[in-house]
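Notes to accompany the following structure.
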Amino acid sequence: MSDSRMLLAIFEDIEPASKGIDTLHNLGLSEDQMNVISGIPVKETILGRRPSRTHVGIIAMSGAVLGLLLGLFLIYGIPFLFPLDAGGQPIYPVPEGFIICFEMTMLGLMGFAFLGMFVDSGFPSYTPKEYVPQISDGRIAVLFHCPSGKQKGFIDALMKSGAQSVIPAEANQL
Amino acid sequence: MSAIAKPLVGSHTTEQEDPREHLMHDPLPRGEMNAMVMDSMHTTTWKYWTLAGILAFLVVTCLVYAWYILIMQGLGVTGDNRPVYWGIFLVNVVFWIGISHAGTFISAILRVLKIESRRPFTRAAELMTTFGLVQAGLSVFMHMGRVWLSYWLIPIPNERTIWPDFHSPLMWDFMAINTYLLCSTMYLFLPLIPDIAMARDRSTGWRKTFYRILAIGFRGTEGEWKNLKTAMNIFAFAIIPVMFSVHTIVSWDFAMATRPGWSSTVFGPYFVIGALHSGMAAVAVVLFMIRSTMKNMKYFIRPEHFDTLAKLSLMVSMAWAYFYFNDYLVPWYGGDKWEKILQDFTQRGPIGWLWYFMLFCNIVVPWSILWNKKWRRTPWLMAVVGLLINIGMWIERYVIIPEALTINRMPFTWQIYIPKLEIFLTIGTFALFFLLYLLASRLIPLIPVWEVQEGQEGHILRKIGKAHIPTVSEID
Amino acid sequence: MANDIQSPVNKSNAAQQVQGKWGMVVDQDLCTGCQACVAACSMENNVPFVGEVDAGYGRNMQWIRIERFWQGSFPEVKMVPFQPVMCQNCHNAPCEPVCPVYASVHSLSEDLNLQVYNRCVGTRYCANNCPYQARTFNWRDYQDARQRPELVTLQNQLNPDVTVRRRGVMEKCTFCIQRIRHAEDTAESENRDIRDGEVVPACAQACPASAITFGRIDDPTTKVSQAAVTSRASHLLEDLGTIPHVTYLAGGA
């Protein structure tokens, strides 16, 4: 939107941040026009926002299924391709099947959860982003689109509801 | 912290009753905590470099050079023979995997159970897991006769169209240990990302480049936190059964064999409890070292954390004793000739004193010291107890592996095991473990500051009736 | 291959329960403990000499060993029959399922336990799992003439039919499979079956007391099958269910 600018409001703590987000709601901003950047995870409902969606769970589950298939291949596909008699045990063993399938399922679950987190958040990303180092010092920042012309009104309202500072958001190399 | 109504201000306020003794009720501004952690990372004294130098020297001689000799001359330079085909290398494998379980226990189980006092030392424990598994892997490679062909254990298509045999417990081992290594490294990295982002914001020069690359562009937006927390939750729940399965599978290396003393059905849970026992003790040792040698760590790692570890350690020690008694009673009672001879050899043989020392370290020491609250909160004492428990657990694995292999059903082949080059290689693995830890302590923040702050935000003193009760709320 | 033995095997059923193709009978009442079989086996199969120090430490590599026991203490010592022990080539070999790389496998055509030298990576689990402790390990390069110059001329006595193993590899008695193969090849080229007594492993060939008999145990007419069906017959460690192919005769006059 060419007629708005990104502003960054920095709050000291959770209470002022939730008040500030309330103020922004009252000023007419919708959920998608705001983003909260914080140094510790804060439940979205505490700040008065809708819980955000994540795809990590479903990606992890699909990884688990793939892992199970890999485990099945290892324990039953290999003797099928390469049958060798060993020790009087059945060539397609059942107990070993449980063991290997379990391990591979867990590996798939966790590996894909890890990758899913990367993919869903767009990591690794080294492009310049809107960020200030105070965030990792425990501040909570709200990044929002401010319609042009209304900047002063927004800034005043936010300062009144407890913001430490409101600055134009610049995309810096992190 | 239990919700007992104790007066906050009174005539008998002792150190134990002051909530500010607890890290969670003694908050500092995040910026200050960040600075403390960064400061401890950047501070290296001559003592640090001397220790690093000694460890590096030990690694080069006792690990690299000794292993070179081992590979070039073959396993004859060790103390293995018939019938003791597996000696100290396997003892080390089991020992290091046991150490590695500590990290998962603290990081995953305590997180799932929402035990808040875990917060400052999850990363220190997770580092032990990763580095411990490295040593375990090295020890596995060391014991192989033709280690240059060890890639044959990897199940990938090849031009020979030959695959490894999954009937073998060693292949289950291969799969399980690799799964555990990968997953615990990922689980180490996930909560590390926000702290690396913090370090990135507070560094310059090569450190900044290093942290910027590792931080993968993390800022802390809602979506990023949600994804991170979801992934961490999945890991916390999923890595617990993997942890149990890994050491069970390692125990099955022995239980699947037809040897007296090995073919025991209790080995699975017995080894898992043994791993927890040695792991928790090792965490106490490492935490004591961190607390006493690194700057500012006395704020983060407090006697209350040693208290938590010690209480858990006492419970695990009792569980270990229960399982060991199972493993001892059944063959003793059952009368299998070879099992009786083996027990006789273990307890009354030429190195019978080792067995008694093991019981002293694993049972007498924890049971006599860890019940006392004041002693539990004494870090150096907990480190000594932890060290003794680890020695006892190493001996326990020595009793299980080389000593049990000495006695088999063909008495003509019985032969005592006398370790030779394995001793140097063992020293080498310990040196490498500590060296890796030393290096890591100055490269990545050892304290998960965001988790500490998260906990501190959630802990408040709530006035109930006449008293201020420490309470914890879940802000996420 | 399915495990056919469902019920516990007891001593009297031992002879009838033997399955397989190639088997051996060792008559302990005839064995004099002379160790000619040990020497012959080592020569036939290129088994290295490990030297005094290693042998004293239990690293002897002979594939067959003569176990001697006694009862009582001096001067009332009673000798017990010598027990030559070699790989029993079990039908349900415990050494087989534990090898991670399929170096210890079962031959379906010969019903023998095979050790694949070039596949072995030396984890030694098979040796730990062998209840007879019949497997030996190459702890060093005992046969490397580059490291031990005294072996240069000894290389002339190596059997070309058998691999020379290097360090890090397990080995064990193979029932002289090279001789089995040779006899089978000869028989096939002459369009006939193998005759009884045609395959003689080195130990049986060298024994001056003819204590070792070898042959097809699935054929009841062979000498080895007939020798196995006596009241003196037993197997080592039978209760483990490994179904060994070596029958021991002992307890006679």
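By letter and in written order, the chains are A, B and C; residue numbering begins at 1 in each of them.
Just so we're on the same page, a residue touches a chain if its C-beta (ideal position, glycine included) is under 8 Å from a C-beta of that chain, and two chains touch if they have at least 3 such contacts.
Small disclaimer: the values here were computed from a predicted structure and weren't measured.
Engineer: I want to compare two interfaces, A-C and A-B. Which one has more contacting C-beta pairs?
Structural biologist: Looking at A-C and A-B side by side, A-B shows more C-beta contacts.
Engineer: By CA centroids, point me to the most central chain in this structure.
Structural biologist: Of all chains shown, the one whose C-alpha centroid lies nearest the global centroid is B.
Engineer: Quick check: how many Å separate the C-alpha centres of subunit B and subunit C?
Structural biologist: That pair's centroid distance is 45 Å.
Engineer: Once you find the CA centre of subunit A and the CA centre of subunit C, what distance in Å lies between them?
Structural biologist: Chain centres of subunit A and subunit C, defined by C-alpha means, are spaced 64 Å apart.
Engineer: Rounded to a whole Å, what is the gap between the Cα centroids of subunit A and subunit B?
Structural biologist: Chain centres of subunit A and subunit B, defined by C-alpha means, are spaced 30 Å apart.
Engineer: Two-or-more-chain contact residues of subunit C, please, as numbers and ranges.
Structural biologist: 94, 97-99, 102
Engineer: Which subunit A residues sit where two or more other chains touch them?
Structural biologist: Correct list: 84, 86-87, 89.
Engineer: Where does subunit B touch two or more other chains at once, residue-wise?
Structural biologist: Expected reply: 162-165, 167.
Engineer: Where on subunit A does subunit C make contact in their complex?
Structural biologist: 84-90
Engineer: In their complex, what parts of subunit A are in touch with subunit B?
Structural biologist: Residue positions touching the partner: 14, 35-44, 46, 49, 51-54, 56-57, 60, 74-75, 78-79, 81-82, 84, 86-87, 89, 93, 96, 99-100, 102-104, 106-107, 109-111, 113-114, 116-118, 120-127, 129, 131, 133, 135-138, 143, 174.
Engineer: Given the complex with subunit B, which residues does subunit C contribute to the contact?
Structural biologist: Going through subunit C, the ones touching subunit B are 54, 57-60, 65, 67-69, 83, 85, 94, 97-102, 119-125, 127-129, 131-133, 136-141, 167-170, 237, 240.
Engineer: Residues of subunit B touching subunit C in their complex?
Structural biologist: 73-76, 80-86, 143-147, 149-150, 152-153, 162-165, 167-171, 174, 253, 256-259, 405, 408-413, 415, 418
Engineer: Quick one: which bits of subunit C touch subunit A in the complex? Just the residue numbers, please.
Structural biologist: 1-3, 91-99, 102, 104-106, 108
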